[in-house]
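These notes are about the structure you will find just below.
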Amino acid sequence: MTTTIDYKDLAVRLQEQFGEGFTASTDCLEVPPNLVAKAAEYIKNMLDFNYFDMVTAADYPDRFELIYRLQSLSHNVLATFKVICSRENPSVPSLANLWLGASLQEREIYDLFGIEFSGHPNLKRIVLWDDFEGYPLRKDFKGKVYGTAN
Amino acid sequence: MEIDRILSAEIESRESAGIEALRAASQHPIPDPDGWLDEQIKRNMLFTTVDAALNWARKTSLWPVTAFTACCTFEFIGASSARFDIARFGMEVLRASPRQADLLVCAGTLTWKMAPQIKRLYDQMAEPKWVIAMGACAISGGIFCDSYSVVPGYNRIVPVDVYIPGCPPRPETLLAGIETLRHKIEKESISKPR
Amino acid sequence: MDWSISPDWPGNFWLRLIIIAVILIAFVMSSVIMFIWMERRVIARIQSRLGPNRAGPFGLLQAFADTIKILTKEDIVPTLADKVLFWAAPAIAFVPTLMIMAVIPLMNGLQLADLNVGVLYIAAISAVSAIGIFLSGIAGNNKYSLVGAIREIAQLISFEIPMVLALAGLVIACGSMSLSKIVEAQSIPFILLQPLGFVIFMVAILAEINRTPFDLVEADSELTCGFNTEYSGMKFALLYLTEYSEAVVGSALITAFFLGAWRGPILPGILWFTIKMFAVFMFILWLRGTLPRLRIDQSMRLAWKGLLPLSMFNLFIVSLQTVFFPDLALWISIPAYIIISVIIIILWAMFMRKERQSSNA
Amino acid sequence: MALPTEPFILNIGPLHPSTHGVFRMRVTLDGEIIQDVEPVFGYLHRGLEKLCEKYTYKQNIPLTDRLDYVSAINNNWPYVMAVEQLGGIVVPQRAEYLRVIMGELQRIASHLLAVGSLMNDMGIFYTAFMYMFREREKIIDLLEMVSGQRLLYNYMRFGGVSMDIPTEFLPALARFLKVMPGFLDEYDSMLTGNEILLSRTKGIGVMSSEMAINASASGPMLRGSGVKWDLRKDAAYSVYDKFEFDIPIGQNGDCYDRYRVRMEEMRQSLRIIHQAVEQMPAGKEKLPVPLRLRPAKGEVYTQIEAPRGTLGCYLVSDGTEKPYRCHFRAPALINLTVLRNLLIGQKLADAIIIFGSIDISMGEVDR
């Protein structure tokens, strides 16, 4: 069975390394946007989390939420990171250099949400064409979704 | 390869400009080529043996080029496989090149990014050519018609001869659609415009 | 019952030429039509499905429907294509396949020209049709057909030499290069006398006519349609015809050289010839239905490292046999030759496998 | 003086016979050797995740069918499990067994198609494809008997499955289970020992297990490289812990191993179906669930072992009857991250085979 990591102990360890900002909730660890890359590198090297399962985003009225799921296949342990970033100019350090699997998923989030991933080797639109104005998966997207012909 | 990076960016922007232009240009469906319908009503169709021979040849050897986009692809493959064999009607040669094909089967959802490719494919086909719009997505965008990136129906891009409903249509429905197209080809004549 | 036609049968030389030429062209065209129908039906039966049966009884008129439709389609010439080359290439590809038939004896005496350099003539002309296919690939200004054309030339060059050397074995065995003499010497078909030569010639012919497992030129899963991607209408009809007339001529060559063209007990010569030709084509279809495709470098490695040494060895054994024990009893020479060739093939295959493992290990 | 050559860009474009859908690779070729690959996605991007926010929970089930249209039943599973976890619905045992049986049948059908189209790319002129499609038609008949549709089944509901199996389903399934191993042996005899197939796939497109894990590949791609990771055993969702079956893994991660893994997985799926049919209890196949279901506020992530890899569904609900955010982790898209590393340096003919062995389905890649 996939066991989840003990988030409180992880939060304490990360606090020693990188300082304040890590709050552990029941099923995920909240990480400040600027420390994501360092925390992920720490967890990858120290605790052998070699599998980047998934990253996805959700658009809330006041914030963007990014959910990272990192796994260690050898010990069958799961860690879920949650990153809150502002809606003005959302930017999160990219994990594509740590795990190759993150590159396409981050490009897709950039394409559909407009969240910048700084340090991504090839950050451009993946599914839409360049002249497509706006980011469709945001709640305030005025596309043709609700029958309004654009 | 640096030159590739610049080159592919330039190709990318030229293509997306093409998509936007096509999207603006095709807000209204192209009328279906049903000239043969009123001909029949007027009953003045002059049928020569040359027409009959040509129509028989074109009817029995319809070579499809398939715009394999989405789920209807696998119903078309199911129709051309061992159980519902399309090859019995002489449609077996799956020519990958549009030059030699004369039937464009549009199977699946058409998105705006794919529309210029389908337009170019249709223009490349040699002249006596017909189009089958297969599946609800091909007729009117189907379950995805409200989406921001789906073309509501192939008839915005290419003139469609036969519409086959269903999501995805069963192979028997596809064969019935091909049968209607064959009846349509029987009634065509070289002297009349399509 | 020997059905034969005397050399000066209708009296006037020119009349004989015209009549036999018409017979030859009619023979090739009708067998092409039959091959198209046979291919679609036999491949369908291999794949446990029916194949065309709506156009006429058992789909016999399917080939006619295909040709009428292709001939009346619009003939597109791409704007950036090299106009003259685009127009000339299909003709260059098709005409040599008919010219090869001139030398093949359909029946005892039914041969357009009994050249005494028959084998050399065939080896030369078969290369020209490959040039035609190469030009059609280049002229269309399409990247896929360009790759297909380059592969055609690579394959032609690498399989030309083993084919000629396999035929050289025959020439040594029966002393002359003219086909009628080769057929006369075949009281026992050469397939039994020189099995190694037959295997090499068969593989080389498969590569020359671009049939599976060597159909890299028109590899429809990699290069959409290979060299004929840009052709439509009448030019495509000529190229489609070339593909099948090459198959007809290829199987005719195999029957002429190795299966004793028209020699057979009761039936007239030409019937025996067609039966053997259709049998060879059936074997080619069986290969097409079941074998995957080789990569271009694998097929060239097979030609240079596999067939070339084997054909030289075949030449060595045949010349050894004709010089030292010319009148060896048949019941010794046939089994002996088969055993030697089997051993050689196995040894060479093991050597090539070991060499391939050491090269990419 | 070396002949001056220059690379040329070739579009293995959206409409190509062996790109398994509308996928485009802008390939820079130097002769036949590939120098650079630029995959282009998006030709089938229908904005499915945006539409999920427009329909109610139950209306989304047919939408999930169109995700990976080659194995449609497996797409419903994670979405339905997510809503059940949010809504606190406990699924009756019989429904779990029915889902396992239909899921494994769909896995065999999807693998048949994957291996069939790989043989197509290799040049066997549709023969292997037609044989495998003949068997896929048998499975489609079974699934049509259960759900009424041929390709996109809309079969699973919250709290169970839409309809119970008709009486003639089990005898038909028993006939299929008796016949199918024979067909698999027939394919093995035709394909596995084939000398040309071996020379075309052995040692081509080798992916080491480290690269597979780093590129977060999943499914036959991961197991082909020797990593023993299968959600049916490791995450043990639904009733998979009641069956015993083993996980086939490859040795050196080339196209041949991925082909062997898929053939072996079909046999394991047959074993699972055998055990599931024996242990299936009687009882209700669906719990009555209100049409306009309003699951509790919150977010959940569920994942299953789909034929192409780990298919996950991340669902956020805000208490209304429409999902607030619904994201699907597409294994086919993530398996493609490694495409560029596998293709550079290979020949054009091998690139088609490697791409075929990755086995993608465009509905899932572009969503």
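Letters A, B, C and D mark the chains in the order given here, with residues in each chain numbered from 1 onward.
Criterion: a residue touches a chain if its C-beta (ideal position, glycine included) is under 8 Å from a C-beta of that chain, and two chains touch if they have at least 3 such contacts.
Bear in mind the structure is a predicted one, so any value in this text is a computation, not a measurement.
A.B. asks: Have a look at B-C versus A-B and report the one with more C-beta pairs in contact.
C.D. replies: By number of C-beta pairs in contact, B-C is the larger.
A.B. asks: By mean C-alpha coordinates, which chain is most distant from chain D?
C.D. replies: Relative to chain D, the chain with the farthest C-alpha centre is C.
A.B. asks: Return the distance between the CA-based centres of chain A and chain B, expressed in whole Å.
C.D. replies: The separation of the two C-alpha centroids amounts to 42 Å.
A.B. asks: When the C-alpha atoms of chain B and chain C are each averaged to a single point, how far apart are the two points in Å?
C.D. replies: About 38 Å, centre to centre.
A.B. asks: For chain B and chain D, let me know how many angstrom lie between their CA-based centres, rounded off.
C.D. replies: For chain B versus chain D, the centre distance works out to 29 Å.
A.B. asks: From the mean C-alpha coordinate of chain A to that of chain D, what's the distance rounded to whole Å?
C.D. replies: 25
A.B. asks: Quick check: what residues of chain D touch more than one other chain, meaning two or more?
C.D. replies: Where chain D meets two or more other chains at a single residue, that happens at 16-17, 42, 45, 47, 50-51, 54, 130-131, 134.
A.B. asks: Find every residue in chain A that makes contact with two or more other chains and list them.
C.D. replies: Only 128-129, 136, 141, 143, 145-146 qualify.
A.B. asks: Counting only residues that touch at least two other chains, what does the list for chain C look like?
C.D. replies: Within chain C, the residues that touch at least two other chains are 47-49, 220, 224.
A.B. asks: Determine which chains touch and list them pairwise.
C.D. replies: All touching pairs, sorted by chain label, are A-B, A-D, B-C, B-D, C-D.
A.B. asks: Under the definition above, what is the set of chain B residues touching chain C in their complex?
C.D. replies: Spelled out, the residues of chain B in touch with chain C are 53-54, 56-58, 60-61, 81-83, 85, 87-90, 92, 94-97, 99-100, 102, 124, 126-128.
A.B. asks: Sort out for me which residues of chain D touch chain C in the complex.
C.D. replies: Those in contact with chain C are residues 8, 10, 16-18, 29, 31-32, 119-127, 130-131, 134, 190, 194, 196-197, 199-200, 203, 347-350, 352.
A.B. asks: For chain B, which residues count as touching chain A in their complex?
C.D. replies: Counting only chain B, the residues touching chain A are 12-13, 15-17, 19-20, 27, 112-113, 146-149.
A.B. asks: Can you check the complex and tell me which residues of chain B touch chain D?
C.D. replies: Its residues touching chain D are 1, 4, 7-8, 11, 67-71, 73-75, 77-78, 81-83, 94, 96, 108-109, 111, 113-114, 117, 121, 143-144, 146-150, 167-168, 170.
A.B. asks: Help me check something: in the complex, which residues belonging to chain C touch chain D?
C.D. replies: So the residues of chain C in touch with chain D come to 43, 46-49, 143-144, 147, 150, 212-213, 215-216, 219-222, 224, 288-298, 360.
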